[in-house]
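Please find one structure pasted underneath; my questions will follow.
Should a chain be cited, it is by its letter among A, B, C and D, assigned in written order, with residues numbered from 1 in that chain.
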Amino acid sequence: MSAPTFGGVVPPLVTPLTADGAVDLESFERLVNHLIDAGVDGLFVLGSSGEVAFLSDADRTVVLTEAVRISAGRVKIMTGVNDMTPARVVAQIRLAEAAGVDAIVATAPFYTLPNQAEIETHFRLLAAATTLPIFAYDVPVRVHNKLSLDMLIRLGAEGIIAGVKDSSGDDVGFRRLVMANRAAGSPLVVFTGHEVVVDGALLLGADGVVPGLGNVDPKRYVDLFAASKAGDWEAVRRIQDELSELFEIVFQASGVSGEAAGLGAFKTALAHLDIISTNRMSPPVPALAGETVERIQAIVDRAGLLVR
Amino acid sequence: MSAPTFGGVVPPLVTPLTADGAVDLESFERLVNHLIDAGVDGLFVLGSSGEVAFLSDADRTVVLTEAVRISAGRVKIMTGVNDMTPARVVAQIRLAEAAGVDAIVATAPFYTLPNQAEIETHFRLLAAATTLPIFAYDVPVRVHNKLSLDMLIRLGAEGIIAGVKDSSGDDVGFRRLVMANRAAGSPLVVFTGHEVVVDGALLLGADGVVPGLGNVDPKRYVDLFAASKAGDWEAVRRIQDELSELFEIVFQASGVSGEAAGLGAFKTALAHLDIISTNRMSPPVPALAGETVERIQAIVDRAGLLVR
Amino acid sequence: MSAPTFGGVVPPLVTPLTADGAVDLESFERLVNHLIDAGVDGLFVLGSSGEVAFLSDADRTVVLTEAVRISAGRVKIMTGVNDMTPARVVAQIRLAEAAGVDAIVATAPFYTLPNQAEIETHFRLLAAATTLPIFAYDVPVRVHNKLSLDMLIRLGAEGIIAGVKDSSGDDVGFRRLVMANRAAGSPLVVFTGHEVVVDGALLLGADGVVPGLGNVDPKRYVDLFAASKAGDWEAVRRIQDELSELFEIVFQASGVSGEAAGLGAFKTALAHLDIISTNRMSPPVPALAGETVERIQAIVDRAGLLVR
Amino acid sequence: MSAPTFGGVVPPLVTPLTADGAVDLESFERLVNHLIDAGVDGLFVLGSSGEVAFLSDADRTVVLTEAVRISAGRVKIMTGVNDMTPARVVAQIRLAEAAGVDAIVATAPFYTLPNQAEIETHFRLLAAATTLPIFAYDVPVRVHNKLSLDMLIRLGAEGIIAGVKDSSGDDVGFRRLVMANRAAGSPLVVFTGHEVVVDGALLLGADGVVPGLGNVDPKRYVDLFAASKAGDWEAVRRIQDELSELFEIVFQASGVSGEAAGLGAFKTALAHLDIISTNRMSPPVPALAGETVERIQAIVDRAGLLVR
């Protein structure tokens, strides 16, 4: 029996909270099973969607440990090791290793003001500190640097990184990455982190997708991915259009932060579906409320997700 | 006989220059015929690719007049009316009307610091000043504002604008625009202005493409569009990959401006193909030279474009 | 008799409009005399504060011609030659030359995406096209490039530019410019374009100031500059604090563009002082209205400006 | 005996490293004494200049403990509590409290995408978690949000924050902050974090300065501050000009990150002055080397700092 490989649909799990603000382990278990039952290929815990930046080390450890326990080897577990610089990221890697995850996902340094050479050194230092596969997370909206194409291909060819999770919003760059990776013998597993352009990403050759919306509707992403493998692009488009309609939940709030609107919508939808218990967010982010919640619920209902 | 409609492949023509820096009318005629012979659906003159920002009003008039004369009704002519504010854009619209083009393409105000309400007023003032169809050109990298989705749909529904040329680099926003337009009864013709993600754009429902690279290889874009209409998405992807390889010409220069690298590459390729006479750029932009030119020529040759 | 030199207080005049939107020549004459009577050292017409980006060439010509006629040699006239690229700026320079102004003020290219080398070529081409002194206008918030220190000093040393109007908001860069200019033998006349940090700018060695707020209260800027020349820095600070209180007029509007809030406040104050007839702005910018106007009037009244 | 108050010259200490990359405690002790002997009013440890983002929690604890031990109550100790969100910053506050510092300095959340309301909640949560005075650190170049004027005044008036360290580079905003604070009864102690515009900042009413360059030349900053208190603004300017010449050390490197160039220059100068042992930086930042080091040493020598 060969080890499961990376790729396909790997949702970045939200981290459910109780009404008191603690990590809600019961909800988390329901969420993990909800996703695995839907047929996802892997789980990405402690990503931006998992509010990693808001969680203490103790809470991060709980999430990691529980994810490994609940999934019980059914799918691969990737995890964010979110911190500013090599010395601090390595401390996070140790938590991930102790919990027994399968791969880590690391951004460029942030808060600091690195150039591309320092970013490359950063990834090399992480690789020297662990045997876990490393995925580079390209998220300039948060870290304010784009990972350069040449660097990614070079780090892939040398085995420093195993893949890329692209949340750069740069579709031209994404195609160039996929093409350059193919020309280099495909050392990298390339994921798109965007929810509503997965059809195009798969058409051009992406290996997988890490969709925050996949928390809410994992089944359609699984179907979409299968249709792409079958070459049925009309089906891919149709399912993507349905998911894109559902994605409108993230645009319902106004006057709140992007975190509150986007992650808050995912949690609000999951609470509406009784998968998690509350739509509570980590401080200082407020939970969505009032008419925004109602609009989100209506969109979820229109998508036909309420099966209970 | 019905009027030709907007959509399909509409390359934004470069403006060829002589060695003295004048508009090169002979080269321009060859370019227009090169594109029409390849089967394009329309021509977009005086866009960013046409160096509109660099041309005097006299030169703009020459380009417009010649484009209309040479195309002789074979395809529709769209034109940029590039200036900062309504009063000044209207003066450009008068030049376009006098030349007899079929539609105009206008950006948000720039240099000034408008909000979305002022941008909307801007388009309303332009529409009040002309009977020509107006396409909104969404190009935040140049004007530093993104056109809002709600505004575009509202202006479309009211008949203020006829369509959108999207060069925003925001693929999520592009899908939302296409979906919202469809939900509104498709009042807008939606073009993507990006060269290497046309496959995905067409899969999700774009009406056409305005590819700068289409100056160099119009035939492949025509074939790609036809394949999409036929639902042959594997062919679409294959042709897009070939075009994406060719698009690498814009990444060959280093240490020069985006204008010099990108438009300079298009002109360098066209000169190599003997369609235009020089790769000269408008001041203060230098022409590409030396090894950069050789690398571009090699890429063009690999694409199998040199048929003479 | 020697020619007047550049420096000191040079307000960037607003362009008054009639209720119909035409340039209001009577108001403009009152404004020019208001400023000269207050003792300003020069006038800057057709700057950003003069809504240059919104005016047709015909209106620009009217403003230039009238400014020269009314000032009648009492003070120097500087003028903006606002357009995107060398070919188009030179056309604006011709208007300025025909009107008989004393100097021109030019930005880096905009809308296009130049690098510093192209920006330098831009200024060299302008200098080759005119004998008028050229001031480089450093305004990254509008043109999205900062003029490099090395380039400015080099262009000054070669006599390509006569000075710099710094509206970059980069106070560290401003001090470095003043120091580098001094080390180079002071080839440049260095103006700050910021209203509320003139005390510090003069303390560190600026040659003058181009304050939009100087339309409203030219006398205090003249007094402030005189106090700095006398080395009375406590007086400089006191006057600057008074002007800074008055500058709060630009922060009274909400939900409108920067143009509407800032220039709109200057025009609203000037209309309240009966110097100009309306606070109307050029399309698509709305005039300020309602309680915003009342708040601005109250601030103006507190400053003791209403002498009629 | 009253408690020492906050204000005056408070240098943000670099964190010296040994050749092995460990915190160099001997160098740190020399640095602390170098600064206190020069007459500074306080010490700011674990700021951006202290490479806080690069240090593990263990190293942070060492720095805090040593700073408190060495200073032995001679001056106040402020410290950065650098992390992304309230839950994680509070963990850092616990380290600071355990070490016995006098005040903490906190930024807005980063990596996350907060709005101003969430930023305000963030500071309120920190205040609820500690009795230490909190200084808000306004550093948009790192956290990509500017702290709003209204929020800062409100938090000051309510006693949530004790002051502001402004490294925003927005001199207009800084003057508005100082004026609004004065109008509110001066609840805030306002520091500028910029090295070369301290003269203007003190003229307009700043309470103190946190200059990275103060590591290298604390005496001149102490003299400058004293001259400002004496109202001798010509002396203030002269000393500031000398410091500005010295500040050119940060512009000597090319092709490296801002961190490497700026902090690297401070460390290189301090090593040249034999105050610290190496100019080594924390990974992934390289130490400056070669001709860059020589140019920095020459600038330091010209400033007359090499007294040994």
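Here, a residue touches a chain if its C-beta (ideal position, glycine included) is under 8 Å from a C-beta of that chain, and two chains touch if they have at least 3 such contacts.
Computed from a prediction, not measured in an experiment: that's the story for all the values here.
Student: Is the contact between chain C and chain D built from the same residue numbers on each copy (over half shared) or from different ones (under half shared)?
Tutor: Because over half of the interface numbers appear in both copies, chain D and chain C meet with the same residues.
Student: Where the centre means the average of the CA atoms, what chain is farthest from chain A?
Tutor: Centroid comparison gives C as the farthest chain from chain A.
Student: Return the distance between the CA-based centres of chain A and chain D, expressed in whole Å.
Tutor: 36
Student: When the C-alpha atoms of chain B and chain D are each averaged to a single point, how far apart are the two points in Å?
Tutor: 50
Student: Can you check the complex and tell me which residues of chain D touch chain A?
Tutor: Of all residues in chain D, those touching chain A are 53-57, 59, 82, 84-88, 91, 109-115, 117-119, 121-122, 125, 141-144, 255-260, 282-286.
Student: If we count contacts the way the header does, which residues on chain C are in touch with chain D in the complex?
Tutor: Within the complex, chain C contacts chain D at residues 169-172, 175-176, 179, 194-197, 199-201, 203-204, 231, 233-234, 236-237, 240-241, 244-245.
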